Amino acid sequence: MDPQFLLIQATSGFTMAMILFLVASGLTLLFGVVNVFNFAHGSFYMIGAYLAYTCVSVLGFNFWASLVLAGLGAGVFGMLMESIFLRRIYGRAEEAGFQILLTYSFILIIDDLVKLVWGTEYKSISRPPGFSGAVELFGVLVPTYNLAIIALGLIVAVAAWLLLSRTRAGRIARATAIDREMLSTLGVNVPLTLTVVFGVATALGGLAGALAAPLRSVTPGAGIEVIIDSLIVVVLGGMGNFWGAFLGAIILGEVNAFAVAFVADWASLFSFIVMIVVLIFKPQGLFSPAKVRKA
Amino acid sequence: MDFKREFKTLVPALVGFLFFAVLPAVRTSDYQLTIASNTIIWALFAMSFNMLFGMTGMLSFGQALYFGLGGYFVGLLVCHLGAGWFVPAVFLGVLGAGALSLIVGPMVLRLTGVYFTILTLAFAQLGWGIVVKWYDFTNGDDGIQGIIPPGVLGNKVTYYYFCFFLVSLSLWLLWRISLSPFGLILRCVRQNPDRVRFLGRRVKRNQLRIYVLSSMFTALAGALMAGVDNSVSTEMWHWTTSGEVILMCILGGIGQFYGPFAGAVLMILIEDMVGARTEMWSMVIGIIMLVMVLAFPKGVVGEFANLAARLTKKSGGMEVGLGTNTRS
Amino acid sequence: QEKVIKIGALYPMTGRAGLYGLDSVAAMEMAIAEINAKGGAAGYKLDALYTDSKVKPDYAVHVAKRYIEEDKVNFLFGTVSSGVALAVTEVSKQYKKIFIGTDAAATELTVDNLQPYYFRVSNDTFQSMAAGALYLKGMQAKKPWKKIAFIGPDYAYGHSQWNELRYNLDKLGVKYEVVGEHWPKLAQPDYTPFITTILNQKPDILVAGFWGGDTVAFIKQALPYGLFDKMLYFHPDAGGNYELMSAMGDELPNGLILGARHYNNWPETEGNKAFVDDFHKHTGRYPSYCAEAAYEGIYAIAKAVEKVGNPDDTEALVKAFEGMKLKMPEDPDGFTSYIDPASHQIVQVQAIGVTEPNDKFPPAKKMLGQWKVFKAEDLMPPKDFIEAHTKK
Amino acid sequence: MEPILVVDGIEKSFGGLRVTDKVGFDVYPGELKAIIGPNGAGKTTLFNLLSGHLSPDAGRIRFLGREIAGMRTQDIVALGMGRAFQITSIFQEETVLDNIRVACLSKLNQTRIFLRPTRSHKRATDKTFQILESLKLEKFAYRPAFELAHGDQKLLDIGIALALEPKLLLLDEPTSGMSPEERVLTRELIRELWAQFNLALLFIEHDMDTVFGLAQKVLVLQQGAVLVEGTPEEIQNNPQVVTAYLGEEL
Amino acid sequence: MDTILEARGLNTYYGRSHILFDIDLSVEEGETVCLMGRNGAGKTTTFRSLMGLTPPRNGMVVLRGRDCTKLPPYKKARIGMGLVPEDRRVFGPFTVRENLELGKIPGRNGGWNLEAVYEHFPVLGRFADRFAGTLSGGEQQMLAIARALMGNPDVLMLDEPSEGLSPVIVGTLKELILRLKEAKTTILLSEQNIRFAMAVSNRAVVIDKGHVVYTGGIEEFRANESVHKRYLAV
């Protein structure tokens, strides 16, 4: 096999992985860290993409500013959703089931809202100026925009990890998954914390959607398509582990890249096969969350 | 006391049974028959799923695997070997699902919690992928059409009664299971698996048993569905199908034996009525769901039971749920 | 009491396919309004019911039965997805209710699974691929090519396109070498690994069979790699859809060879202009390919009822459809589409064009031009193809 | 008389921390033995080793003549070891009746039966009521377990263990969280059960009144190792035990 | 002396069942008050009502003269209420140190910080990097108390702190509480261990079936055999 081609595929896989990671990062934060499952994560991805479209193509804003605005917009929308609806079901028996149901209803509602606001035509935005070409690195052609995505993926991974493991805020966020009531007696405003985390997670989703918009078509229903892949990434890496999700995304990306090149016929099944294999051999994902004796 | 409790759960069952039994006679259009067939079949799917989720606490996101398998056994056998194979195919599908779940079960049961959920999802999606890909054999996402039950079963009313009989029988079985020592052990597995081990019982073994049983009933539902629609499609295998059955259960009330039944009825009626009236069905259904979740946290049946309990002012009224008594 | 012809339409109205469904519905409404304004058909007014098929065959079956049994429709109508159409055609057969197909392009619908009550007023993948094969053959004469690769969604639609294209190429005696086949899943978000693999395979021609927004995603992602300079992008079935042009604007490269089942700028006949302009007036946007067939499907119904005199005599209606001539917006001057009595498939001229700058249909900045037009009769599946399929 | 349980030099470490250090002792049929020791001495861990929740790194455990170190919990239970937990371990949503009945059915090996309702299993039900009576819980039979007061839940936990007809019963802090009044009652109840069911009883306890009022022998653990074993009097007067564990009177 | 914490006529329900009936209670600056009562008398519920975890349906919770009945638990924690629940509730997957750091409340300073905790609870210093979930029952109890102290509360509420502790540790705990008392920490605790309670408290409040049935100084309480018999059965 041509080693140059292997390198090329590996690079493709890595780009793919970074977008996967960016999309999944918000879900990891919610599902893995604070133990809230947001089925509608993909819908915020979609909102981010549409907001970016509006900012860039309709309002004529600068692309990078639009990215930030789209992320913020999705985040604010997420915080509203959380504080108006989701908050009401915390602490109920069978909460997890209700989270699924409630956030599923968000998917349905947001789908139609998007249709009402933006119509059903496909939208798309161009890559930002200066990022439409490609550069050669070690003989491999890499689109500059993909490099930007890789950089952003790395930044998000490092930032999230630092934030979660090194700051009080991160520790508090993780503790909400364990015992919200106890935490509140320690002076932590738990509802606010959850709203903020939800906001950050949906902002990450929105940011990912905005970032992916120049590479994809922005269409209704775009949300449902990313949710399964995100779930795979989150679980593959081990719940709530940012580096795990990072690695999970890379594995998924690379396996896909090489499957496309060498077993093209079955490439579309590989995500599931990888997950089955990993989970059967490492039942808690690649990075196991800390094992703890039941007190 | 024991008996009184059971009796209470029998009343709604009898009412439901009678309603669906006489429906063909009192219906005003054939379509109502179609809806009724759909409802009872999905109810079977939902209630067998509830044996896993509500009763044993195993949230499988991959029951579509068995629903699809049941449907495709019928579809493929009828398509390749002829309509005469319809009835045998239904039962072969059930056996096939039993066999498959015996293989998949031990693998997914190695995991617990979300990992279990996601692994079941992965297996089901793999099944879906294979069915879509294996075009020559399965017809891919074109699906299989022309699945006409043979002989008298070709008549809609007879076919309805055929389904009605099998569904009633299955539900009766599920009900008996929920009352039986086996059912009791399953509920205990959900609440406190460690302690079950300390009763000298094997947790995984019991989980596997109900996984297999539930999958077989699910396959039966899938097989019967093929005869109602006269066609099967890859949609049956898709994760959205697994999702739908979960939603039905939650909507109806997870902790309630009849919850999933009510959930199935509601979901199908809502989908039908809303879908017929507005292209914005998605938002309308979304809002209905949102309101249900916020206002009726115990599901339709649970809330109804609560109301009944409050009216009769007897604490015993709380115990209507037989499958599982969720904590208040 | 008013006499009505009831039509039960099934189209996707949400999600990725929603665009096609809603365009079709808009076109149906347009046609119905026009016909009713002129007094209807044989004294009957047209009336349509619309339900979102959700692209779910089982749900669509359910709705079709409701249409027939509760709403007492005279015709079933629509569907974008072939899976849905195949399930609904089964209902149509059982209930002996005529089903007018306006979009779903699976060849089986009029070959393997043909039943007496199904008629299709848009072309199928076979016709597109036959035209595509003729195009490729013509090209080989001018600018020799040999290596060909395919990329298309991993489901029946993608696979049929590739099979039918190769069937037609072989039948035409075209010599070619397949250097790669790629099957991303439908709605694959990321094509990067496919793109790098294809570049590595160095085909002369890349045949694409994408559907919907996937075309946009692929082209956008392939651009920085310079893929379109290194090979010819050839996408004869749904590549020329207007929504691609409108979504991509300036970014769409010139020189892609694309086909669609209807174009807003071809043929430049009065009929087509009128249809496109009316649609634009009606909705504020230009139509995608599927609108035209939905529009014409309504006219076909009106015409059949006109001939039979009532919408209830199904068998007579079937006869009326068989061989019916329909002057469609997509018919160039001098040709009239007709429904082939044997296959119930509409027989039409097919054109394939090349992307070039053109801003007459905003927001698109590029449209197709440099048309090559293929004769309708050359595009129909030949006997051996039909026999091979129906035997299966 | 042969001992029913022989523990011989078992060890267990977590990471670098040795939690059980060459522990050895015997339990004879019908014996009533207490295990005491400072918090973190490894008492619960010792129980976990005996009951198969953990397997020892070294050493042997013989129960009724069988080597059980490393055996699975359910098999050890089947041999005749019962256990109630430090943190009550019951089936919260089931009725009190079913909590015990499920154990009786397990003992009778009838949990695979799936078509005959539980209520028609007369043998199990009768036995259940007998146990409920012994525990004085029969008035709560049809109440879900979570409605019971803490102390009653602890009793129920013991009841579940009893239903398995153990030869040896392990109780981890049976009276913790109880009021003095309940403690006295529970102590009496345990003694009655012990006599009635003809058990060997091994219990962990921090309440000295219970320990010294109930036990025939006391085993003291400290930092994972056996400090001393002896009769209540010997232990009470052992200076080592007094400094390490009992402390001065409050 | 000033009254720090006061409950006036608390009535609390779990769902439809009425648990607390007109509970009146006050704790003065620097004193240690002990709630006593049988199992299920309502001690824990009183703590939960005071802290706002199960808000009373009516009645008032007053902290330093300020009505804070309606405040959510986290605000109560920030104005100086600290709670050690009876089931400890340490954060199992967190290390001991992380648990302690979670107990810090920004803006509340005082004598308690990591060093001070490690000095008073050497076990915790030794196990600083162990996961809290792996600690023994007694060790977890210490951690729970230390965690509450990290917030430097004005009133420390301890729900049955001696439960599950070995006698020596109960002795240590007694010392600790006495030291806290010396440092003028105000403490409200509940106990079943009467000896322990009498050794550390200034005042006793006896609750029975949700009613306050006795309040009095500790010496008076010690002498009052009939209260012991009737409500505590000793």
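Residue numbering begins at 1 within each chain, and the chains themselves are lettered A, B, C, D and E in the order written.
Heads up, the rule we're going with is that contacts are C-beta pairs under 8 Å (C-beta built on N, C-alpha and C of every residue); 3 or more make two chains touch, one makes a residue touch a chain.
Since we're looking at a predicted model, the values are computed, not measured.
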Quiz prompt | Fewest hops from chain B to chain E - one hop per pair of touching chains | solution = 2
Quiz item: Which chain's C-alpha centroid is most distant from that of chain A?
Solution: D
Exercise. For chain A and chain E, let me know how many angstrom lie between their CA-based centres, rounded off.
Key: 43
Practice problem: Measure off the straight-line distance from the CA centroid of chain B to the CA centroid of chain D, and report it in whole Å. | Solution: 42
Practice problem: Using mean C-alpha positions as chain centres, tell me how far chain D is from chain E in Å, no decimals. | Solution: 30
Quiz prompt | Chain centre separation in whole Å, for chain D relative to chain A (CA means) | solution = 49
Self-check item: Touching two or more other chains - residue numbers and ranges from chain B
Solution: 133, 194, 282, 326-328
Self-check item: Residue list for chain E, restricted to those that touch at least two other chains
Solution: 134-135, 137
Self-check item: Multi-partner residues of chain A (at least 2 other chains)
Solution: 111-112, 265, 268, 294-295
Quiz item: Taking all chains into account, which pairs touch?
Solution: A-B, A-C, A-E, B-C, B-D, D-E
Quiz item: Where on chain E does chain A make contact in their complex?
Solution: 51, 53, 72-74, 76-78, 82-83, 85, 88-94, 98, 101-106, 108, 131-135, 137, 140, 147-148, 151
Quiz prompt | chain C - residues contacting chain A, complex | solution = 14-16, 18-19, 22, 154, 180-185, 187-190, 192-197, 200, 212-214, 216-217, 220-221, 223-226, 243-244, 246-251, 285
Exercise. Within their complex, state which residues of chain B touch chain D.
Key: 1-3, 6, 173, 176-177, 179-185, 187-188, 191-192, 194-195, 197-202, 206, 209, 324-327
Self-check item: Residues of chain C touching chain B in the complex
Solution: 13-14, 22, 49-52, 54, 56-59, 61-63, 65-66, 68-70, 82-83, 86-87, 89-91, 93-94, 106, 108, 113, 154-156, 159
Quiz item: What residues of chain A sit close enough to touch chain C in their complex?
Solution: 2, 5, 8-9, 11-13, 15-16, 19-20, 111-112, 115, 119-124, 126-127, 132-134, 141, 143-146, 212, 214-217, 219-222, 224-226, 229, 256-258, 260-261, 264-265, 267-268
